[in-house]
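One structure, as structure tokens, below. Some questions next.
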Amino acid sequence: TPESAERTALPGVATGLAVTGAGGDVLFIEASLADKETGPTGVTLTGQLGDVMKESAQIALSYLRSHGAELGLPVGDLAERNTHIHVPAGAVPKDGPSAGVTMTTALASLLSGRPVRSEVAMTGEVSLTGRVLPIGGVKQKLLAAHRAGLTTILIPKRNGPDLEDVPASVLAELTVHPVSDVREVLDLALVPAQVETRQYAA
Amino acid sequence: TPESAERTALPGVATGLAVTGAGGDVLFIEASLADKETGPTGVTLTGQLGDVMKESAQIALSYLRSHGAELGLPVGDLAERNTHIHVPAGAVPKDGPSAGVTMTTALASLLSGRPVRSEVAMTGEVSLTGRVLPIGGVKQKLLAAHRAGLTTILIPKRNGPDLEDVPASVLAELTVHPVSDVREVLDLALVPAQVETRQYAA
Amino acid sequence: TPESAERTALPGVATGLAVTGAGGDVLFIEASLADKETGPTGVTLTGQLGDVMKESAQIALSYLRSHGAELGLPVGDLAERNTHIHVPAGAVPKDGPSAGVTMTTALASLLSGRPVRSEVAMTGEVSLTGRVLPIGGVKQKLLAAHRAGLTTILIPKRNGPDLEDVPASVLAELTVHPVSDVREVLDLALVPAQVETRQYAA
Amino acid sequence: TPESAERTALPGVATGLAVTGAGGDVLFIEASLADKETGPTGVTLTGQLGDVMKESAQIALSYLRSHGAELGLPVGDLAERNTHIHVPAGAVPKDGPSAGVTMTTALASLLSGRPVRSEVAMTGEVSLTGRVLPIGGVKQKLLAAHRAGLTTILIPKRNGPDLEDVPASVLAELTVHPVSDVREVLDLALVPAQVETRQYAA
Amino acid sequence: TPESAERTALPGVATGLAVTGAGGDVLFIEASLADKETGPTGVTLTGQLGDVMKESAQIALSYLRSHGAELGLPVGDLAERNTHIHVPAGAVPKDGPSAGVTMTTALASLLSGRPVRSEVAMTGEVSLTGRVLPIGGVKQKLLAAHRAGLTTILIPKRNGPDLEDVPASVLAELTVHPVSDVREVLDLALVPAQVETRQYAA
Amino acid sequence: TPESAERTALPGVATGLAVTGAGGDVLFIEASLADKETGPTGVTLTGQLGDVMKESAQIALSYLRSHGAELGLPVGDLAERNTHIHVPAGAVPKDGPSAGVTMTTALASLLSGRPVRSEVAMTGEVSLTGRVLPIGGVKQKLLAAHRAGLTTILIPKRNGPDLEDVPASVLAELTVHPVSDVREVLDLALVPAQVETRQYAA
């Protein structure tokens, strides 16, 4: 879709799904790393995040700090550059654990330099070992993704039964991937790394 | 106008627009960098800022810490000199995300040494990737800018439709720029850098 | 059981037992150590833990910081790598001292590289000297463990009399070990270290 | 007056004006720098100051940290010696932005070694760029200054119209200086630096 | 008694006396020092301690930090190893100053390597100079100590008159030492250091 | 008196006067410096002190950090040794600025090694420049000092008129010194330094 294409054009932004009082909604999770020469390191979280969502960010970071090297990510950047995760819109309070996979994906995208596919949205809690745990609001989230023109949706495997509640006409236009480990999320969501040999092509 | 001309005479001050209980209002956002020999570095925020507005300041700083070097700004100063952002009047509580572009502009003005144009006012939320997101109160803000004699107004592109609500007589006396990226804001708001060759003129 | 087998497949996860409003429940306590090159060290606790449960984590860590070397654990890792303890599900508030043995076991598993046996669940407060102190809800916890297919249960020795309240048909299918020192817990819960000589086998 | 003469005899104390429930009052703002060998540096604020008044102190310090060197002040002391600002009486809560000029003056007096003139009292908010912004209670403050025997009063230029409310008989005995920049305050309030050549006089 | 004998078998645990809603009770105060290679130093306090009881721990530590060397204790350990004081049961809130002597004794036991005598219980506030100040609940505390089989009880000298309220039959089975300085407490409560020459015996 | 003689026998303890719900009372303010090898430095305040009283302690410390060297005190100790100020009884909340002179005296006594005279009690707020400011409750405080057998009382000069309210029979047995600067307090309260030449006497 136009918006997700614009928002995820550069590495560091992933498309999540949320439940609001008015149904489901799409949200974009942005991650950035400060240039090294700009000062102190640490983690900055903004977007009026509630306690549970702040913990999700800590879990996403700890997952990458203990497993990111195995995934080939340059995790030393997390030590040397201030990490900031922001969830617009700035004035809207947000909470809950279901952005865990989206936060992990935004950070992995930023570290890898691989943008997130613009047609992909995702939802799921992540545990410290990378397991994708079930969340609520699958029906509203898929309807929101569909309305926004997103076509590939990643949901926790244990939420599979909730797909029954989604109208068949909507499901027919979506590719839904039930996942149980955040590595599957990263494989499905990130644009493949550019083939290195292209650089040397004549 | 006299006041904005005085207030923005030196780099580090940008003119923003706010909504208050009594309509719109102009506010000046001031940024300063402590001299290096005066001690510890960090970020100081004053002006009775609410949580959302404090987060806007963190986003403005993180944007410059990750993208400022690309804009030619001496971002190493943010590491070596304490950064202070203040929004007078000191006793008036302020909140909301719409000062994001103004804070980013005040900081970029300070770092670049380029003052903000005295006829320019602005409003808009900024995301971590520099996108300008829509805000509220466009009508009241433009009326306030007009009353204050400001003539060039920067608003988020997605607030374009709100211009319909502004009286034509007012709009006729304003140049309104809808913007979608904070780089456009900086291009429009900052006085161009002095031509270096002048220094060498005989 | 399938779930505990999956969850405890790798070192760093231990199976605990809790009492909820709806009876007993199984919970998995996850521990991780960040790779050294990823930045600052310290302790991160997540999972919406209450004050008493956060203190349990501090006690578990202090126990290992003063007694872990005697148990042959590489406790220097606690200084050089950020330690994170998480208790899913992320949005469910949890409290109480009875996860002390489970937290100690998850950390000892992680440090030793020895996974926790998948058939073992445990409950018990731990003191700073490693004593296992009595807890509440033995009946509900054992019923929950039984429902989840867990077969070896570690409880505080001083809770022995509470076993009278557990239906004989359930007890018949469980092996219950009353323990008084956390060293007994570790001996019973951790898979033995692999025989080193296998590495050199031809 | 006797009291302000005693209180401002040494550098580091400036006479301010406040509004209380019972009219106006004179208050003395004290600043001190710890000797270097006495330990950690930082900023200590005491006197039961409210949030706005604490921010005034931060603004005064940042103003001097970025502009003090231009004024010839030894601002490196702010890095190397703990800075303490205190406003007696210790048990009386105080708040508001109008002590900004007084705090800036007390600090500049301390750094310069130039005492504050004993006949001078002042009131005014200070911005980060050194502008003196308008405050409330001009009438009560001038009456209080007059009662206390103070004869030279510095007020914000934008408060000029408030002088109409002050009885002519009082105004006739006061010299009131409306000021718009804190540099004017320092010029008017600080005793001139001793002529250096006196030290070498025979 | 069996429990205090087990609990105080190793250095670092002292037996205190508390007043609860249900009369008096015995509590065990545990202290531990982390191994140096396990990371950052500081003080950890757990056991749901109230503000006054946390201050007692700070006083006990400061007493040993300023007077411990005079008592021959290796106080450098307090700088190099994280100090943890815990008071089980973990979920029971505790407060009040009367555990001061017990905390001081647990720490001195740990530092000296001398266990606390298993028949000794104690109660008393400690001041920063080591004075033992009077406390409440002497009768309930002595009854609780007696029920628990403890036989030597240390109380503040100024609580002497409270012994009148204790049944003569109970007092007859207790040795009560009124003390006024914490040094007396340590002399009475700690097992004498092992005679060094035994190590060299043939 | 016996109690103040015991309490102030060693340097670092000064006798203050307070007003309670039940009239006046004597309190002892204790100061200690940790031995250097015991770890981190800073300031610890205990005794259930309220905000104003904690600020009094900060003012006392800052006064000595900026003026103590002029008084011949070894103020470098404040940097190298943790400073603790405690006001027993530990469980009694205390507040107000009138212990300022007593805190300053306890610290100066500790640093100088000169004990506080056992017959002296004092009350008075201290400002950052060492001025002794007036306090409340003079009558109750003097009655309490008299009851406790204290004979030399230091009060703020501006409280002189309050002596009218004290019964003549009590005043006749007291020596009251009205003071305006904390240096007078130290001169009157501290036992003179021992004559150095005694050390070398044959």
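Labels for the chains are A, B, C, D, E and F, by order of writing; each one numbers its residues from 1.
To be clear about the criterion, a contact is a pair of C-beta atoms (placed from the backbone, for glycine too) under 8 Å apart; a residue touches a chain by one contact, two chains touch by 3 or more.
Predicted model only: the values in this text are computed from it and were never measured.
S.K.: Check every other chain and keep only those touching both chain D and chain E; list them.
M.R.: F
S.K.: Determine how many degrees of rotation, between 0 and 180 and to the nearest 5, align the Cα atoms of chain E with the equivalent atoms in chain F.
M.R.: An angle of 60 degrees brings one copy onto the other.
S.K.: Return the chain whose centre of C-alpha atoms lies at maximal distance from the corresponding centre of chain A.
M.R.: Chain F.
S.K.: Farthest from chain C by Cα centre, which chain is it? Let me know.
M.R.: Of all the other chains, the one whose centre lies farthest from chain C is D.
S.K.: Report the inter-chain centroid distance for chain C and chain D in whole angstrom, where each centroid is the mean of the CA atoms.
M.R.: One centre to the other, that is 61 Å.
S.K.: Chain B to chain C: how many Å between their CA centres?
M.R.: Measuring from centre to centre gives 53 Å for this pair.
S.K.: Indicate the residues of chain B shared as contacts by at least two other chains.
M.R.: Not one residue in chain B touches at least two other chains.
S.K.: Building nodes from the protein chains and edges from chain pairs that touch, which of line, ring, star, complete or other describes the result?
M.R.: Basically the chains close up into a ring.
S.K.: From chain D, heading first to chain F, what order do the chains fall in as you go round?
M.R.: The ring, traversed starting at chain D in the chain F direction, is D, F, E, C, A, B.
S.K.: List the residues on chain C that touch chain E in their complex, please.
M.R.: 41-42, 51-52, 55-56, 58-59, 62-66, 68-69, 75-76, 78-80, 96-97, 100, 125, 127-129, 131, 133
S.K.: Over in the complex, which chain D residues touch chain F? Could you list them?
M.R.: Where chain D meets chain F, its residues are 7, 10, 12-13, 28, 30-35, 37-40, 44, 46-48, 82, 84, 86, 88-91.
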